Structure formats: structure tokens, C-alpha cells
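One chain, chain A, links the two complexes that follow: it is found with chain B in the first and with chain C in the second.
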Partner chain A sequence: MLLTITADNLKSLLDKLARDSLLVAPVLEDGVTRLKPVKAASEIALDYSNTATSIKDFLFPQSEDLLRFVTDGTLSIEEIKPERAQVAFGIRPCDLASVALMDKVLTTGEYADTHYQARRKNTVLIGLACESPADTCFCTSYGYNPGHSAGADVMLYKDGDQYLAEALSDKGREVVGGPGEGLFKPADEAAGQAVKKAYAEKEVPFGKEVDVEGIDQLLDNFFDDQYWDDVSKKCLGCGTCTYVCPTCHCFLLTDEARGGEGLRFRCWDSCMFANYTKMAGGHNPRPSKKERVRQRFMHKLNYYPHRYHSYLCTGCGRCVAMCPVGLHIAGVIKDVKGVKAHA
Partner chain B sequence: MPENPLVPSVATIDRITPETAASDVKTFQVTFDDPAVMERFNYMSGQCAMLSMFGVGESMISITSSPTRRGFLEFSVKRTGRVTDVLHEAVEGQKIGVRGPYGNHFPLEMLKGKNLVFIGGGIGLAPLRSLINNVLDNRKEYGRIDVVYGARSPGDLCFKYEVLENWTKYENAQVHVTVDRGDETWTGPVGFVPAFLEQVNPSPRDAVAVTCGPPIMIKLVLQSLAKLGFTDDQIVTTLEMKMQCGVGKCGRCNVGDKYVCIDGPVFTLSQLKQLPPEF
Partner chain C sequence: MSATFTDHQAALRDEVKKLLTDGSIKGFIGYARGRDSYHPVPAIVTRPDQVDGLILDQFSIFGLTKYLLDYIFEDGKMGIVVKGCDALGLGRLINDHRVDRNKVHVVGLPCAGVLNGEKVAKLGLGKVQRVTDKGSAFLVEGDKGSKELPKTEYLWDKCLWCENHNPAGADTLLGSEVENVAMKPRDFSDITALEKMPSAERAAFWTRQFSRCIRCYACRNVCPACNCRECVFDIADPRWVGNTVKLSEQQMFHFTRAFHVAGRCVDCGECERVCPMEIPLMKLQRKLQKDVIELFGNPKPFVPSEVEVLGQFRVTEDPEEFM
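And then the complex of A and B:
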């Protein structure tokens, strides 16, 4: 059922959510809008194309403790479980889509990542459709769009001075019927559908330039191409692309100990770093930038699609905006198509 | 058993056996402190486990004991890096963390009824030892067995009792040992494993070859096996990559779309040829 909520009532709802649980929302600070825990709706920024960093920071944090150990003479291990529930507000369609891609890696197969799984279960995602996609956005290249709502528990679409709303899961219905009780009104179904359609059909100019169609297959026989030597030369190996990417999920396990006790935690790692694949004996199967740059793009556009049947990119455009040397996935897709067309 | 697959269980090192003259390879026999964890740790030859030295980190190590011999696990470890340095300082009775077993395993069904050629170099014999003892414990199910093993020097040979005495006692089983450089006590063959394998000249007929060792040895052994007439489907080998999680999440051990920790470490040469040459 489609609902509406006024801007004032949405503020009341967010105030309630901030009071009752951990609320994460876009905040403008020093000219950058990013997701942060907030205490009140007044802290939240609503005028942004997308947040500089994604919901990944809160589902798969940069660093998280896994266990505590004591080693004085004997050995005891105590598992650490992820903390309390959270609500994330203002999540854009590309980032909602990225969560589904992370889910495939971290929650399917023989092993589940129990920390990620627990955070997913304890997180309510409130999506916000895109009014004005940035010039780096290309979600439509992958078949998503500015109104894409899959993955949201509640989806909001700004409609004049109010919001169209839809609860899409049990968690979402609990928000609408719980803290949101009395704040939402039923929407006119036809008018609501028209709003959704307008968002789904909204133009994403950069998306028109990036043609992803068939790139997975084009890359099947591209591993040995000279292109990787050329394109990797300008990479600085800084890892920014992997950190801002909402779907990059590589991690490192490491210990910190003092005396007879310590912590084992995991933190983000990056396939752009030289030590990432270096083995104890000194052998490194990806010794230079060429192998590392190739790995990142092959993983997103070929290896992951082989394994999980979708691309590991949602066109959020963060790497396009933030790579210091302009070496990003949209460019690689265009380049590979160009090389193949002239082959 | 911890709920999180990344959390190890506590195990005790019951016995430490130096394998090489320089003691740079040692075999650690361990048991889980919780008998229920020990009971549930069902593994197959070729699988690995993650050993934890708390405060330093973890290393993925192949299980060298055979699943046919229950009640303990054995890991033969070469002193190579931060974690194995600390493990080599461990004493009997010390506690470590163990999680697993991980990965696929040697294809026993494919080996049944076949003549088997095992080719190992140095500590690369560790995963093969699990398989060889497994096969010998079910001797009747397999054909002729040849073990071709080499190390840099006589002092670098591992599992000497089994290699030089125990395995040779089985019917229709031969062990061929070579060293890169002999010493005053060594009366056996001298030479690198690939050339020695060609001298041993095992027949490819109804046979499967399984090889494990340093990358350069594997590369040359694969060429020798081809010369001897073994097809890509008759050759089984293992890959080694840097690992952190062991459960297909952390990203670093992939070769193409395969993760060595869950899809490997065991591959036939045909399977290997489908992957990009990045290992």
C-alpha cells in the first residue's frame, strides 16, 4: 500500500527513531555529506546527490572486533557479537542495490559471515529515491534506476513538499506501524504509482554513456590483453576506489595483543595493495599494478558475474568522482569495448 | 563450537616432531580440548585448517594426518613467516587455535581402482602424506602405488620413517627417493624430481598422478608427466595462495572466479588450464 508523509511528520519520525535506536543519516560536515549517527532530525542533510561514503560503513564496518583472547599460560577465546540495532535513513537506490550484492558473498554458500548477517538483521534501511542524479551516476547502465527500491525496508520518494512512502518488508511495516503510527496517510494509488514511474524513468545522463551490455563475456578472453599494462600505469595504488566502493568487501584479520591478552579484529583490505596477496615465502601472484588493477575490474565485471550472476557494481559513481587519476570502472568499460571493437 | 566461522577452537599441541636436520620443518600433533569439537572435525585428505597463534595471526596449513586415523590432527609446518616462526617456538602442551577443515579434497572416487603415482618435493609431501596413508589404509581399493619424493639434501627429507621404511612394506608399493645434492652418508639417487620421475618412468595406463611441491617443481613435473603420456585429466595438483578467512569471503585467494580456499586447493590439470595463469 502506498502512503504519504509530510516533511514535518518525517522529521518527527526521524526524531523518534534517533531517540529509540541508533539512527544513521546523511550529515553535511565541512562541505562533505556522509552517513553518520545522528541524535536528532535537525542534524540530517536532505540536499545531496549521494553520500560520500556508503551504507557499507555500517553493515561491514571499516574495523570490527571478532574475539577476545587470553594467553597467560592457558588459552581462552571469547567471541564478540555485533552491537545494537540501527536504522539507516536516506540510502540511495544504488546503495540499496549494493547491499544485495554484498549479501550474496557474505550470507550465501556453505559459510555465512555471522557478524555481517547479524548487522543486516538488526538494520532497517530507509531508502530515498534520487531527485537529481550526479554527473558521475550511472546506475541505469546496470538496469537500476533513480527509483529502484529493492532492498529497502521503507522507500521514500520526495513528491513536492511531501514524501510518497512504501513499506517493503516486515521490518519496514514495523517502523510505519510502530514509531510511524499516525504520521503516515494512505496515498492516492494512481498518483503514487505515477510518482514512482517518474522516478524510475528519470534521466541519468552519464548512464547513457556507459554501455555495460555484454562486458562480462567480452572480458572472458581479455586477461592477457596489452590494455591492462597500459591502463594500470597511472594507478597510484591508493585504494580509494575500494574504500568508497559500496560493494568492495575484501578484509584482513589481525591481532592486537598486550601482555597475555588481546583482540582479533577484521578491517577492510584492498586488492590494490602490494602485500594483499604476498605469501610468507615471498611469492606474490599479483606483484605489480598491472595484475592488481586487472584483478579489481575482472572481479567486478567477470569473476563475480560468473559466480553470482550479476555485476559487482551499481553505478554509484564514487570511484568516478574520487579516483585521483581518473582510472575508474566506467572508463574501463568504455575502453574495453573500444579495444574489442578495433580488434 | 563457535557460531562464527572465523572464530577458532582451542586445541593442545600434544607432540612436536622435528622432520628435517635443521628442524626448519616440524610436525605438530594436536587435539581439540573439547572432545565434541574433535568428534565433529571430519576432514578428507587434501583439506586444510587455519592455525592461530594468538597475538600474531593465522596461517592456512594442510592437514598431513590421514582421516583413517582418528583422534588427532597433524600439521607439518616449515618455518617461513611470522606465524610459523612463533609456532616453531611452541612447546608440547601449549594451546593454539584451530578452525576448519577447509577446501575441497583429493578425488578419492577418481583414484579408486587406479595405479597411483605420488610426486612430492620437500614439505610438499605433507598433503600427499595424508592421501598416501589414507590409500594404504584401504590398500585393496587401489592398484600399484609409486611414491616419487625428493628434497634438497638428505637432511631435508621429511617423514623419513614412513618414506624410507613403512610405505615400502606394503604390497605392490614402491618408494623412489632422490635428493638435489647428496652428502657423505647418501647412497641413493641424486637429481631433481622431474628428471628423476622420467627415470622412474611410471606407466600412464589406468593411472593417476598426484603432485605437490614448490611451484617450479610442479611446473616441471607437469611437463615430465606429459612426456610420460599422462593426460590433463590424469594429473591432480594443488594450488597455494595467501589466505585470511578460509571461507570464501575475504577476497585474496582467487584465481579467476575460483577461490582456492573453498573451490581448491585440489585441481586436476584440466581444471587448472581453465583458469587464468595467475598463481
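And then the complex of A and C:
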């Protein structure tokens, strides 16, 4: 059922959510809008195309304590479980889509990542459709769109001075019927559908320029192409692309022990770093930028699609905007198509 | 009315083609078009057929010298295009004995200031057709509009107080040298304001900045003064500095880096420019520059010299009694 909520009522709802649980929302600070825990709706910035960092920070944090251990003759292990409930507000369609891609890796198959799973279970995602996609956005290239709502528990669409709302899961219905009780009104179904359609059909100019069709197959026989040598030379070897990416999910485990007590934690790692695949003994199977850059794009556009039947990219455009040297996935897709067309 | 960078593009391509073809260099580090007219990106070409992808335009800000470290263990020369500020970065790498000057072919680009692409992109001028130097302004003509942009407003800050418009010691110079006068004196007023802040307020300011750090190391990787063979932050065993993302570790990283490049920073501002979280890193560096100027009487600590302020020890002049 489609609902509406006024801007004032949305503020009341967010204030309630901030009081009752951890509320994560876009905040503008020193010119950068990013997701941050907030204590009140008044801290939230609503004028943004997308946040500099993604929802990944709160489902798969950059560093996360996993377990404590004590070794005083015997070994005892205490698992640290993320149990705190959180609500994330203002999540854009590309980031909602990224959660589904992360789910495939971290919750399906033989092993599930229990920490990620726990955070997913304890998180309510409130999506916000895009009014003005940035000139680096290309979600439509992957079949998503500015109104794409899959993955949201509650989806909001700004409609004049109010919001069209839809609860899409049990968790979402609990928000609307619980803290949101009395704040939402039923929407006119036809008018609401028209609003959704307008968002779904909203133009994403850069999306028209990036054609991903068939790129997974084009890369099947591309591993040894000269292209990787040429394009990787300008890579700075920093972790910007991987850390702002909503779908990159590599991490490293560290044990830190002092005396008989220790902590195991994990931190994001980046395949762009020189020591990422460095083995004990010093051997590194990806010794130069060529192998590292190739790995990142092959993973997103070839390996992952072969395994999970979708691309590991949602066109959020963060790497397009933030890579210091302009070595981003949209460019690589265009380049590979160009190389193949001239081959 | 100087020539603009674009005026030298054809000459640069000719030069690079010649150098690659006659085997004087094995590769060239220059610029290529980025995602729009305002964000040119680094490009490294190794074959004559790639040379027409090289561009030069008034937005070519990226300091390319750090790439030279990728080639120090290989035979042969690399070519590189440097502006005045970039020449200081090259000087840093040479003085630190990390790059052998004999293995670099330096193409110098005299510079009357680089337009800040981030600022100009917001004006909606569309695809840039032409940029003309009008003395105190650049006329930028795009397919959606034209505008005369005063240099004092639209150049990068560092260009305003730049005193190194002409790259020293180039092997080839594009065009002729330009007038080498700073548009305004070096300005430390923002640093003085930070110094005067009550310490709790100043701590809050830096806490807010460093809490945004995502530890991507873009600042370190672009910095010509950050040229250690192995960076302490990359050593996993022993792990001198933690890799968790929390304020204390972030601060440790940035303070260590700032102190390590103190007196060696060439004021190129690239760390701050590439930071994806817009942390004002140059405020740290400029505070240290100011200290070096005031405490050691070196008026230009950002110009690499034979004798570095913090790279020497004169026992008879040391005021420290204990020593």
C-alpha cells in the first residue's frame, strides 16, 4: 500500500528513531556529505546526490572486533556479536542494490559471515529515491534506476513538499506501524504509482554513455591483453576506489595479543595495495599494478558475474568522482569495448 | 598575455613522438583527457601510437613526479612534463637520492597558473573549446557559455603565491619562460587563526577532520616527499601503526606523515587535492612550513636545497644544553 508522509512528520519519525535506536543518516560536514550516526533529525542533510561513503560502512564496518581470547593454559574464546539495532535513512537506490550484491557473497553458499548477517538482521534500510542524479551516476547502465527500491525496508520518494512512502518488508511495516504510527496517510494509488514511474524513468545522462551489455563475456579472453599494462600505469595504488565502493568487500584479519589476552579484529583491505596478496615468505603473486588493477575490474565485471549472475557494481559513480587519476570502472568498460571493437 | 598550456600541446606531442621513436626515452608521463574538460588525468605512454592521446590544457594540475619511482629499477630514461611546482617535487626526489636525474628527460612547462577544475566545472560552461590568457583573468569558452575568470578567484591557491612559474633545469622547454612574480604574498592567516584558537576548539576542528579519514593513503601515494623505500604504514610485521579505523590511528598516521615531511614538503598541495574526504591536509603542512620559516630562518623551506633545515646537525650552534 502506498502512503504519504509530510516533511514535518518525517522529521518527527526520524527524531523518534534516533531516540530509540542508532540512526545513521547523511550529514554535511566541511563540504562532505556522508552517512553518520545522528541524534536528531535536525542534523540530517537532504540536499545531496549521493553520500561520499556508502551504507557498507554500517553493515560491513571498515574495522570490526570479532572475538576476544584468553590463553592462560587453556584457550577460551568469546565471540563479539554486533547486536545493536540500527536504522539507516537516506540510502540511495544504487546503495540498496549494492546490499543485495554483498548479501550474495556474505550470506549465501557454504559459509555465512555471521557478523555481517547479524548487522543485516538488525538494520532497517530507509531508501530515498534520487531527485537529481550526479553527472557521475550510471545506475541505469546495470538496469537499476533512480527509483529502484529493491532492498529497502521502507522506500521514500520526494513528491513536492511531502514524501510518497512504501513499506516493503516486515521490518519496514514495523517502522511504519510502530514509531511511524499516525504519521503516515494512505496515498492516492494512481497518483503514487505515477510518482514512482517518474522516478524510475528519470534520466541518468552518464548512464547513457556507459554500455555494460556483454562486458562479462568480452572479458573472458582478455586476461593477457596489453590493455591492463597500459591502463594500470597511472594507478596511484591508493585504496580510494575500493573503500568508497559499496560492493568491495575484501578484508584482513589481525590478532593483537598482549600477555595472555587478545583481540581478533578485521579491517577492510584493498586489492590496490602492494601488500594485499603478499604471502608469508615474501612472494607476491600480484607483484605490479597491472595484476592488481586487472584483478579489481575482472572481479567486478567477470568473476563475480560468472558466479552470481550480476555485475559487482551498481553505477553509484563514487570511483568515477573520486579516483584521483580517473581510473574508474565506467572508463574501463568503455575502453575494453573500444579495444575489442578494433581487435 | 602568456601562451596557454594548450598552445604547447602540439609541440609536446611532437617532442614525445621524437623521443620515443629515436629511443631516447622508453616512456613519457603526461596528461590525458579525463571524464570531462575540467579533470585531466595522468597518462603514461610507451608507444608512439599512444602519443596523440596526450593533452595539455589549463586544468593540468596533477603533479606527476611521483610516478618516476615506478621506473627507478628499470633501464632507460622516462620523460615527464613538469610545471614550476612539479619541478620542486622532482627536486625533492632527486635530492633524496630516490630518482637519478640522468634517467629523466624533463620537458618543462612554463606556467602562469592552473585553473581550479573543481571550481570551473560548477559554472556550467560545458565542454571547453578554448582558454585564453587575458592577463589578470583566463577567458574560458565552452560549448554552453563563456566566462572571463579572474585568476585570483579561479586558480588553485598555491598558484597565487607561486614563485616558481618556470621549471628549473628542464631538458626541453615548451615555449618561453613567463614572468615569475607571485600574484600575492604567501598567506598564513588561516594558520595563524588556527594557532590562536583555544586548544579545545582546535582539537575539535582536527578531530572532525581526521575522523573522516578512510586510510586510503592517496595523500601519501601522490606526495613526492613521501618517498620511503618502504613506508612504516605498510609494514605488517612488526605493525608499528595499527590499521584499524579509529581516530587515534588516523591521527597517528597523519601526524607521523606530517612530521616526516616537515621541512621537505614542496607545497604542491597534492595530498589535499586528492583526498576523497576533503581533509585540509595542507593546513598541517603549512603550519610546519611556518614553523620552519620562523624557527630556522629559512624563508623558502619548500624549495629543495643542498642543505635541508632538518637534515643537518651543527653541534656548535645547537641551543640544546643537554647535547
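Just so it is clear, the second predicted complex is superposed on the first by the 340 of 343 C-alpha atoms of A that agree within 3 Å, B and C clash if a C-alpha of one lies under 4 Å from a C-alpha of the other, contacts with A are read in each partner's own complex, and residues count from 1 in each chain.
In this text, a contact is a pair of C-beta atoms (placed from the backbone, for glycine too) under 8 Å apart; a residue touches a chain by one contact, two chains touch by 3 or more.
The structure displayed is predicted, hence computed values, not measured ones.
In the superposition on chain A, contact is made by A:T74 with chain B only, not with chain C.
Of the two partner chains, chain B is the only one touched by A:G109; chain C is not.
Once the two complexes are laid over each other on the shared chain, residue contacts for A:T254 go to chain B and to chain C alike.
Of the two partner chains, neither chain B nor chain C is touched by A:Y227. In the overlay built on the shared chain, the residue A:G281 is in contact with chain B alone; chain C does not reach it. Taken together, the two complexes place residues 252, 254, 278 of chain A in contact with chain B and also with chain C. Residues 29-32, 34, 52-53, 61-63, 135-136, 230, 233-234, 236-240, 243-244, 252, 254, 265, 267-268, 270, 273-275, 278, 289, 320, 322, 324-328, 331 of chain A touch chain C in their complex.
Across the interface of their complex, chain A is touched by residues 2-10, 54-59, 80-84, 95-97, 215, 240-242, 244-245, 247-257, 262, 276, 278-279 of chain B.
Put simply, chain A touches chain B in their complex at residues 66-67, 69, 71, 74-77, 79, 105-106, 109-115, 223, 249-255, 257, 262, 264, 266, 269, 271, 276-281, 283, 285-286, 291, 295, 298-299, 302-304, 306-307. Residues 27, 34-36, 39, 41-44, 46, 50, 62, 67, 70, 208-209, 212, 214-218, 220-222, 234, 236, 239, 243-246, 274, 276-278, 280 of chain C touch chain A in their complex.
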